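Just passing along the structure, written as structure tokens.
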Amino acid sequence: MTGTLDASAVRDMMRAVAQSLIDQTDVLTNADLTIGDGDHGVGMRRGFEAALIALEAEEAASAEGAFKAVGTAILSNTGGAAGAVFGTLFRAGSKAFAASGVIDDASFATALEEGLAAVLKRGGVTEGQKTMVDALAPASRAARAAVGQGLAAVTAAATQGALDGVEASKAMIATTGKARSLGERSIGHPDPGAISVSLILKAMQDFTAGA
Amino acid sequence: MTGTLDASAVRDMMRAVAQSLIDQTDVLTNADLTIGDGDHGVGMRRGFEAALIALEAEEAASAEGAFKAVGTAILSNTGGAAGAVFGTLFRAGSKAFAASGVIDDASFATALEEGLAAVLKRGGVTEGQKTMVDALAPASRAARAAVGQGLAAVTAAATQGALDGVEASKAMIATTGKARSLGERSIGHPDPGAISVSLILKAMQDFTAGA
Amino acid sequence: MANPKKILNDVKRVVPEMIEGLALANDGRVYKLDGKPALIRKDIPDGKVALLIGGGSGHEPLFHGFVGKNMGDGAACGNVFAAPSPDVIAAAAKAVHRGKGVLFLYGNYAGDNMNFDMAVELLEDDGIEVRTVRVCDDVAAAPPERMHDRRGIAGDIYMIKVAGGAASELGTLDEVERVARKAQGWVRSMGVAVSAGSIPETGKLTFELADDEIEVGMGAHGEAGIARQKLKSADAIADELMDKILADLPFKRGDEVALMINNLGATTMMEMLIVNRRIRAILEREGISVHRTDVGTWLTVQEMAGFSVTLMKLDDELKRYLDMPAESLGYSRM
Amino acid sequence: MANPKKILNDVKRVVPEMIEGLALANDGRVYKLDGKPALIRKDIPDGKVALLIGGGSGHEPLFHGFVGKNMGDGAACGNVFAAPSPDVIAAAAKAVHRGKGVLFLYGNYAGDNMNFDMAVELLEDDGIEVRTVRVCDDVAAAPPERMHDRRGIAGDIYMIKVAGGAASELGTLDEVERVARKAQGWVRSMGVAVSAGSIPETGKLTFELADDEIEVGMGAHGEAGIARQKLKSADAIADELMDKILADLPFKRGDEVALMINNLGATTMMEMLIVNRRIRAILEREGISVHRTDVGTWLTVQEMAGFSVTLMKLDDELKRYLDMPAESLGYSRM
């Protein structure tokens, strides 16, 4: 158990993440149909299909570059709110790997923190508004708490934090995004973007299991 | 059995005709939905509703006037092909009662003939094109053949002629009106306007039964 | 199938209520004739050749939404899918007449022909000269040798635009009629329906299509077309419509045309624009250039989903009248 | 419920195919940016303050159908119901910029706000000055004290018309922004849906309504409105929408307004004209006069059936820009 991913492994991990999200388009479509406009699934698919292509490029050859390439692909191809926030998450998070060039437990936790900070700023939201932040923030805290136990433990903790956040988002009343209009009618349904956060982290957990 | 209707009886008969057509809107709607645009029922209803009002007016006080009032009401209120042909039928037919002021078997047959002649001219059609003419023409011939047997017999013969015409229209290919586009697909369905002719004559037969 | 859901008051009064709303929507440029369902331009210049259009309701904005400057001077309105009656047409004709005669322009249907012709007879008694041009652009309705059996569909709009321009500029009914006849000879259309419309008063769909079926060549009241087919791609549908339309005039290499894609009601503009992409590729291949394009909603069949394609061959004269500025509720241009 | 029947090719390529067809439909007045889904006017005068509009696709003709003279100078297009990305917006802004800065005008949605704001940051690096005005006219979306939480719906069209006019005539970005902000403060809308639209790529309706239900206050992507109700009469619906709209600004006796009834997709013009009749009676009663009326199809939600009502209060300045001639695929006037 090395606990670190080199540039090539990071690229492979991001490919696995992309494929997983592409495979789960319908889950996201249905979640967004319930409390949004129904495009989150196809939006994420478009973004991650573009990410798969971007990962083949030279710029994606470092750990930082791979994250940034994925973020840029999402930003340009997903569009909508998700394009902005998930694009920002990966692009801002990428900086955490600039120094070491690899992903380990500490830099992974830092990436989530930096991604979260950038998303909060971009979206102008706080926790509790029923957005992807409500999965990302607990995931980030759980990751930080697990630092020292290796990358596999950190991605597992982050995934669990995100899943708890998805669950908690059900009880929230949306106050931003397309679900806002539903008001109290949004209660009982999880936030689609939060589900995406959990799927991304779960794919990372699966990839890093045993790493 | 007097065999003649005076002005007041003609008015009553036309009221009965109007009510009968109004009551059978759906029959005509469905027939026109099958091979036309579906408005024949509501068009005839609008026309005969206006006819009921027109029959109250002073101008409708003679036999000729009652027919003409009904024709004018249909012409102005039914619209479409039916407004033109049924308006023309009653307006042109009315002249047959101008001389005697009453309806008897001979003048009734004449009214159908004159109505038919005017419709043929207005519509630019001949028999066999799957229109109301295909009920009106045999009705007119049957009426002429029954002249001498009294008005009840003439209206009964005309009705039977019209019904035979409706039946025969099923086998025809429409070459005018909205059914024209169906071509061979119009075979098997009766012409809506022909049905209207048969309903009008049937109501006259019922009114004059025993007259 | 459930009746189509509509936002209405009394289904028996849809036409008078609609006309009231339509007159108001014209912001004072158009008035409703007293006691008759007809709309008349307020500012018809003296000595102008008048253009009277009209037909059944239910196709809004056609016809009665096209009254205005360089468009129709008046419109006679019938009930839903039913030609207006002769008295309405005659009254509207008198209201638009400015001493130079009236051109009647309408779609070629038995009901319209008979009612407009009866109005012509009434107007003869009043000494008003009328000429009639019937739009018969639907190539699906009959073979070319039976043009007089063809229905008028979206070609109506280009015809109104051309005749409206000509009637504003040319001094005699003869001249206006000549231009309208040229346009009539050069316009061709064909449509496709993916779902039916309904008549408010009956609440019934005018025909039924299975979930995977389309009707190619569908008429403007739900009249049957050339063929009932399985739903196919936008490109395949464009190919089929263009094949028929191009071969009909025929349109030839070097021709210049106006191109209209008309929404029959419930089709998205996205679909029509995708079809436009293919149509332009076909026209390019055939060496036919497009002088102007209109993509929008002009002749509807209530909530029918589907569209029609219209091509009108142009020369300098038709271009001039087609390109004139115009102002009406349903069609305006700079 | 079966997937809506549409005439398309590849559902994954609807937007690029649509944009190709849209660019062609502009007859050479507009071009598509190389490699980006954005449309740019060809004849933007030098030294003109530029107006960039944009948003998700699927609402055609909004936004990208409103590029033209005295309208938008360019439009950045997103995927269906998804804001365009920052790189597209920034590239479009560069293409329309003529040295006097760019006004961004778009509907107030989290996705649009974030993406357009990111573009502003990119453009700062290039020294291009940008101002942003977000349309937030939907009174159903939030109470008046939270205007910034309101969605932009059909008010977009009047905003584009006013800002487009102002950007053609006024010399500075400051001035154009000032006029656009005034219009933004004076425009109010609300809609009603009777049936849902769908996203082509998923083929799924964005919500479900029972056969006898309507959603009052429905947003432009199927976002929930104020209440789900039983279908009621046109007059009752007009009353409810007008109650909310009039009380919101509030519009007052003596005010002069522009009135738009916008088809969300599959509603017939007949229905909207019947509604117009009632709206005019209400305005008359309230002593509010109508300077102009627009009834048609401008902001759609794919094949959604329903409509929205927009009122914009006018003064001489707004009237001037609203009434300017304009030319675009989706909206023209003399």
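Things to note:
Order of writing sets the labels: A, B, C and D. Residues in every chain begin at 1.
Please note the rule applied: a contact is a pair of C-beta atoms (placed from the backbone, for glycine too) under 8 Å apart; a residue touches a chain by one contact, two chains touch by 3 or more.
Computed from a predicted structure; not experimentally measured.
In terms of the distance between Cα centroids, chain B is separated most widely from A. Chain A and chain B have Cα centroids separated by 76 Å.
Taking the mean of the C-alpha atoms as each chain's centre, chain C and chain D sit 28 Å apart.
Our note on geometry: chain B versus chain C, Cα centroid distance of 32 Å, whole angstroms. Centre-to-centre spacing of chain B and chain D amounts to 54 Å, using the average Cα coordinate of each chain. Among the residues of chain B, none is found touching two or more other chains. Annotation for chain C: no residues touch 2 or more other chains.
If each chain is drawn as a node and touching chains are joined, the picture is a simple open line. Taken pair by pair, the chains that touch are A-D, B-C, C-D.
Residues 2, 5-9, 14, 17-22, 24-27, 57-58, 60-61, 65, 69, 192, 194-195, 200, 211-212, 214, 231, 233-235, 237, 263, 265-277, 280, 290-293, 295-297, 300, 302-303, 305, 307, 325-327, 329-330, 332-334 of chain C are the ones that touch chain D when the two sit in their complex. In the complex of the two chains, the chain C residues touching chain B come out as 56, 78-88, 109-111, 114-115, 117-118, 140-142, 149, 151, 199, 201-202, 204, 206-207, 219, 221-225.
Chain A meets chain D in the complex at residues 29, 33, 36-39, 41-43, 46, 75-85, 87, 122-123, 175-183, 185.
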